[in-house]
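Got some structures for you, see below.
Look at the two complexes coming up: subunit A is in both, with subunit B in one and subunit C in the other.
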Partner chain A sequence: MNVVSVIKLYISKMIEESGPGMKVLLMDKETTSIVSMVFAQSEILQKEVYLFERMDMNSREAMKHLKCITFVRPTKENVELLTQELKNPRYGQYFIYFSNVISKADIKTLAESDEQEVVREVQEFYADYIAVSPHLFSVNCVGCYQGLGWNPVHLQRSTQAVISVLLSLKKNPVIRYQGSSELARRLAENVRQSITKEVSLFDFRRTDVPPLLLILDRRGDAVTPLLNQWTYQAMVHELLGINNNRVNLADVPGISKDLQEVVMSAEHDEFYANNMYLNFGEIGSNIKELMEDFQKKTKSQQKVESIADMKAFVENYPQFKKMSGTVAKHVTMVGELSRLVASHNLLEVSETEQELSCQSDHSENLKRIRRLIGNEKVRDIDATRLVMLYALHYERHSNNDITGLVDALKKRGVSEKLTKMVYSALEFGGSKSRSYDLFDAENVRSITRKVIKGLKGVENIYTQHTPLLRETMEDLLRGKLKEAPYPYLGTVQMRERPQDVIVFMVGGTTYEESNVIQELNRTTPGVHIVLGGTTVHNFKSFLEEMKSATVGMIMKPGGSKRVIR
Partner chain B sequence: MATFLGSHVVEEEEVREGLLCPICLQDLGTINQLQEHFDSVHSFEDKDVLQSLKVFLGKAKRKILNKQDSLLDGSPRSFYVDSSEPGRNQRNIYSVPSEPQEIGIITRHTDYFKKIRDTKVDRYVIETNKLLIRLDKLITDAPVDPEKRKVHEKNIVPWIADNDVKLCPSCARTFNLSRRRHHCRLCGGIMCHNCSEFLDFHYARKLLHPGVTLDVTTQEVRPTLQRRGSSSSLLSIVSTAGEPHIRVCQNCKVSLDRRDQFMEQKNSKPIIVQMYERMREHMAEVVGLLPLYFKMADALSYGETSYSLKDAQELRMKLTKLAENIDIISRKISVLGTRDEPSPSPKSLQLQGCVRYAASNFLRDNILGLPSLPSEEEFHKLQEEHRKEVHQRIQQEKQAALESRQFSPTEDPYKRNGNRQSFPHTVNQDMISVDTGWTPDSVEYSMSMDDDPMVQQMNIIRNFIKQAREAHRYDEVRTLEENLTELQQEYLKQKNS
Partner chain C sequence: MAVRSLTEVFVLMRNNALQSRHIFSEQALDDRAALVPCHDVERGSTSPRDTKLPPSWVDGIEEVEYEMTKIKQKMKELVTLHEKYLTRPTLDDSTAEEQEIEVLTQDITRMFTHCQRLVHQIRSRSHSASLQESRVNKNVVMSLVGALQDLSVTFRSAQGSYLKKLKSREERSEQFFTTPLSPVSDGGLADNLHVDQMFEQKFSQEQLLQIDDNTCMVEQREREIARVVRSIAELNEIFKDLATIITDQGTILDRIDYNLEHVQTQVHQGLQKLQKAENYQRKNHKMLCILILAATTVFLIILLVALKSH
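Take a look at the complex of A and B:
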């Protein structure tokens, strides 16, 4: 199960089907993201695709000598735009691929508008999700909660994405969901309905152990997306933000022009592929190796005197070129991360975060948070996330001082918009929305982990926390995930330990959780897990998510709430 | 490996670890000195690379990566990197290897789509064809006299009675003395003068004979009109009757225009497409020849004689020539039409630019790293070395064989190989082609019948070799040459016996 590969296969196939000749790829906003996540432009150029057009940004210039590969989502707007396009075609031939199920009625409309007979193919290729890593996909939508229920648009989109994942990977799964979550249940039911409706599509060869779809809700673990991260990919996303594999560095002081936006794609960048899951310390030393390699090449470049030198240089040229680009990019990236870590005092912030998520020394925790709120170097958002973690941890503690800490934030000058989010976080992820006592469990786990780490000689206080997902998955793989909190949908049950698992997190997943899944895939023979989420969060996007979930409610200290009328 | 920052300087010259300047490799000892060195010595050099290195080095002082440093800047505790941790190297796996991913489900609607489209399109194709047949009749053998001509026209297409139509169907105005009724010669319908269209004879002829410039093989399977030539009679209408036009209604005109556009598009091939196709052919040829060249260059560099140096040189020339052509064509494509008025649209220019960009990528990936061939002299040397090596190995093997078991020294090594013994009498033509489908053309048997059959056979093979060489099929050349040698040996053996 590799979602990146399967999307690449789909896209390669649609390009190949059109045969030789110059091609244009016509897409919508979403399919553009889907394609750009898995292919570099130069790769697509080698497949004779020279132009990229957006369906919704119509230039009317005709180029009849091009073949048009149309890859769009089967939305009403797209069908309409395509109907117009076919009535007055700009290109000589059309090969049309919808990213999901399209109705017969829509096909009929399109067929009737193709009077010039330019259409050669009409097919469904189920590449209707963003493949972030081989084991990670996203629907790229933030704000899927609307109050306590689903935003209906996002529910439909998420259903389509999950269906598409199942069809692309050829899985007809047994479905389980987080019982405490209305949203998880709704999505599970919608997926089941779609499968029943398209039953002929889901007619796969039976496997001994059926695949499993597990649907979870972010509200079961609101702690993970609050934490600062220390593995490369997660850290870049937390501090700089990764958007469709692109990182904006325009705000980095003294940045050179060609590095203002960089692509971080493990598919096309070996260094990144090898380091994305490593922690920051390890990357530092790997960067050093990379630079040493670069040094050697730089040196040989300077010594180009004899013809033999030149030959050697030219023969190395493609790699050299590629490598120097990589060096500059990662050196800049790591440099910027270090700058941010130092200037915002992130080490101490993170250490406190970790203690808040894994230990229970109330007075000590409180003292440290107060001290950090008073520290000028600490960013407002970091001060706020500490208070959020505190609130979630000590919500039920008799002597908690959530109000006092929020006042301290206000005194510091933190905007009301942000301080209010402390109560939103409580509403979103407080103990009543959890089926699981996050912090008690964390305690136990972190202690065992510490012992193990201590034995290995690697104690890392910044990565003590493990997401709840790890425990859930470990239980699941052992066949020990309890049925009451995670019921089956329908009457089908599984006796066997699952092997192929698709986990979907309503409300968004995180790169920390992606690491967990990657690690499980690597260490558990015979098991393949793919993780998906409505989005992949960092702290900032998670704030948006919590806001949309709690909008219209005023939270009072102590967790009582009333709905504004 | 020494840790990156604050590491101790290693004394030995050849190890070169420590805080080296990435540009001049001077060892600076401390991060502060390195940064100063950077600012003073290299501040005027290549901006981009330096900038990024500088940023990194500047921040490195506040690094969080290393034990010693955290002690220096007093940060609480820090990451401890233990590179000896077991499994560390396996941790950095982006993708956990598993069985190769197969493509997912595909649903094809093309047939359904075409069925619907055909029922709709067929209707108007039939309609258009009817119009074309009428058009052909109208301009064939048309009488010169206007009155007779009108009768002729009415015979072909019955006209709608004037009284049945009170308003012009396209502009909805009433007919009167100043707005008179006119008939469409193709459908017989009525319209006013303003709403009439006129087909001139050039256009009519083009519609009726699209095949004049048409490549038969690309013609769509579609009822096309086949009629005897009528251009002469068409001309006669024009020249004698003085009316070069045929009056038609707007609907009929639209149908015919659509037909015309369709045929036009089928038959025209813009210059950029012609150039592009030529370039792609060259690329395909390069891709086809490259593996062979690599094999040859590799063998020659070891002094092996399985390929001739001359053949390899020729192939290299050929590849270089192809690359040159690709370069020239793609360059021409990139500037196509830029000197014309009006200059190409931004979109065309983008297309042209991308084609050029892809071509230079292609050349960089395939031609730039082409391994070089040894010179004649070098090759002789390599050959000599290789021969010695082989000789040595054979000697060693013989020695080993002698030592390991009792060996009958009289046995001819070739005799043990029955295959080889019997082989030369017939050349198996099958083995020449299979993998990529090349076969020599059948050879003309021009030799006299009283030639020795073996001589005949050898001549055939020589001919094959020539053809194979011309087709750059050097693997076949090699096989054939082996055959020839064996045949010659056999021939000599027979002669002498």
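Take a look at the complex of A and C:
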């Protein structure tokens, strides 16, 4: 169950099937991202693919000596474009691969337009999602809520993505969903409908324990995407933003020109692969090691006196060059992160965030938030996220002071847009949308957990919070996930403990959760979990998500009515 | 990794579509028109659009690829030869095999140079090509260079390890045969003197002959090493030359989507510039018109005034 290698296999197979000769890869916008996430250009060039084209760019000229591998999503526009292409073929042969199930009618239109018989192959290859890590996939759409319901376009896209994940991994799953969420239920039903429609496709060899598809809703845990992160990958995403493994550093002061945009891909960067899940402190020492190693190499590079030295130099040169690139990239990255941490007082902010999410000392928390709101160095969005966390935590507290804090934000000069988002957050992730209480310690298990935690002491005050997903998954793997809040779809039930689990988070997942899944995969033998989401959130994208979810809704902060325009 | 092939369905539908088109056109025929569509078909089949030949450098790719497979083969041979040579007892005279190794090494080096020249040709031949073609060309060169570089690295490491083994074996053999003498490895003057004295004093004619033999062998080895080193040095040149072309792996330049966006923005910018230029030109035309018209008006007014006043 490795989504990255599956997509790699699909693409290699596509290229192999067209045989030897020069090839061009014709893609649409989304498949370009899908391919780019798993293959570097130099790797594809080695497979005799010498040209990359986008379907929607019209500056193409005829090159009959090329074979065209077309890899597109089965959308209306793509079929339309492809029809035109086939009527007027620019390349010698066409090998067409759709990333998902395509209708017979579309095939017919294509067949009718292929007057010159240039098409050699038409296939469905189910690589219809962005593989971020071996255990993490994304659909890359923000704003899938529309007034707390599904945006129909995104619902369809998400269904397709989940279906293609299932097909590519060859799983015909039992489906469970978060009962409190209408969205999860609808997605689950759509997925099941698609499966029954394409029953012949899902005819895989049965395993003893059937795989499980669990569909969750972001609204069940709105706290996780609000927190500042301290593991490398999550931190980079939170503070700088990762977009398809690319990080834009153009805003960093004093950046050199070739580092304005860098790639953070575990596939092509060993240091990153080893360190992406470590926390910031550990990264610092590892960077230092990398640096020292590099220095040693540079010194040995400097003395080129004998022929043996020369030989050694030339042999190590490509490696050396690669290493110098890696070192420059990570040193810049970590430097920028630590600059941001220092200048925005993130350590203190994060400590308060963690306390807000894990402990319940109302007056103390309130005092700290007020102090931080008064602090000049703290960014507006950090102040806002503190108030959001406070609002989510103390929504039901008898003498909470949400309005007071919002007023304090306004006094600070935080824009109207952001202060309104506090109420949106409450509407989005407030207690009525949660099936499970994130903060309260009323049930027995969480009390014992707290006691144990108290005995052990807190290891790291910045990483006290564990996402709800961890608990859900642990329950699930033990076979103890209750049926009432997470019902099965249909009559099928699972008695055994699941082994292959695909989790899909409607409304987007986070790198913190990806971290948890990676940890679970590593520590529990025989269990494979793949996590997916409509997108991978940081605070900024999560704000967008909440905004689109609560557009035009009536908010009720502490009894007084407000309308968000 | 489930897949579903729709090729059969597609071909079936395509044939149906062709047939129905055919039937349709047959129905439309009458005696008089029968000849006309024939012409159409002929014209269609020889449409000039398809006749464009691939650029000449395409053949070069195949040549390079062929050459590279040959290099791979020869390298395999070389490695086996190396091994054979190294595992054999050392006392044998082995000039024949040495020569074989040498010839092979030279061959491979020559082929590398040939490949390099070919790649250069491919690169230089596309200068007159269009944007698209030059992009293909650039990518072709990049991939060939990458493959070539990988190959040369393996070749060099094979040579290097051979050299190392040869040297270590030599040291070992020196230990055995020339421990008390070591005239080659120890260059110290005092030592030499000492050894010379030893020669004069203690060694019989037979022993001297053996020493001569040994030095002979050592010299031969030296020569051999020098040859291998030379081949490595030659390769270095090629390598440096190629290294300037290749892009760094793992950087943003190696991303497919980045490069595509880049091309798109370039095209977009080009278009904008063109539009701007067109605008300028048109503005100029208008301006010219206005000026001419204004001038004529002024001239006519003057003419009018002049005529009236007379």
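Going forward, the second predicted complex is superposed on the first by the 537 of 565 C-alpha atoms of A that agree within 3 Å, B and C clash if a C-alpha of one lies under 4 Å from a C-alpha of the other, contacts with A are read in each partner's own complex, and residues count from 1 in each chain.
The rule is short, and it goes like this: a residue touches a chain if its C-beta (ideal position, glycine included) is under 8 Å from a C-beta of that chain, and two chains touch if they have at least 3 such contacts.
The model shown is predicted, which means the values in this text are computed figures rather than measured ones.
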Subunit A as common anchor, with subunit B and subunit C clashing or fitting: clash
Partner chain in contact with A:Met63 - subunit B first, subunit C second, else both or neither: both
First (subunit B), second (subunit C), both or neither touched by A:Ser265: second
Touched partner set for A:Lys410, first subunit B, second subunit C, both or neither: neither
Contacts of A:Lys87 with subunit B and subunit C, given as first, second, both or neither: neither
Which of subunit B and subunit C A:Lys377 touches, first, second, both or neither: neither
Contacts of A:Glu351 with subunit B and subunit C, given as first, second, both or neither: first
First, second, both or neither for A:Lys197, with subunit B first and subunit C second: neither
First, second, both or neither for A:His528, with subunit B first and subunit C second: first
First (subunit B), second (subunit C), both or neither touched by A:Lys432: neither
Where subunit C runs into subunit B (options 182-190, 200-208 or 218-226): 218-226
Subunit A positions touched by subunit B in one structure and by subunit C in the second: 6, 9-10, 13, 22, 42, 45-46, 48, 50-51, 59, 61, 63-66, 101-102, 104, 107-108, 110-112, 114-115, 117, 119-126, 167-168, 170, 201, 258, 311, 314-315, 317-318
Sites on subunit A touched by subunit B in the complex: 1-2, 4-6, 9-10, 13, 20-22, 42, 45-46, 48, 50-51, 59, 61, 63-66, 92, 101-102, 104, 107-108, 110-112, 114-117, 119-127, 133-135, 167-170, 201, 230, 252-256, 258-259, 266, 272-282, 284-285, 287-289, 291-292, 294-295, 298-299, 311, 314-315, 317-318, 324, 327-328, 331-332, 334-336, 338-339, 341-342, 347-348, 351, 456-462, 518, 521-522, 528
In the complex with subunit C, residue positions of subunit A that touch it: 6, 9-10, 13, 22, 24, 32-33, 35-36, 39-42, 44-46, 48, 50-54, 57, 59-66, 101-102, 104, 107-108, 110-112, 114-115, 117, 119-126, 167-168, 170, 201, 204, 244, 246, 258, 261-263, 265, 268-269, 307, 310-311, 314-315, 317-318, 321-322, 325-326
Sites on subunit C touched by subunit A in the complex: 1-7, 9-14, 16-18, 49-50, 52-55, 58, 61, 130-133, 135-136, 139-140, 142-143, 146-147, 149, 153, 156-157, 160, 229, 232-233, 236, 239-240, 243, 247-260, 263-264, 267
Residue ranges of subunit B touching subunit A (in the complex, touch as defined): 1, 3-5, 20, 22-23, 25, 47-49, 51-56, 58-60, 62-66, 75-83, 85, 88, 90-96, 98, 100-110, 112-117, 120-121, 124, 258, 262, 265, 269-270, 272-273, 276, 280, 345, 347-348, 350-351, 354-355, 357-358, 361-362, 364-365, 368-369, 371-372
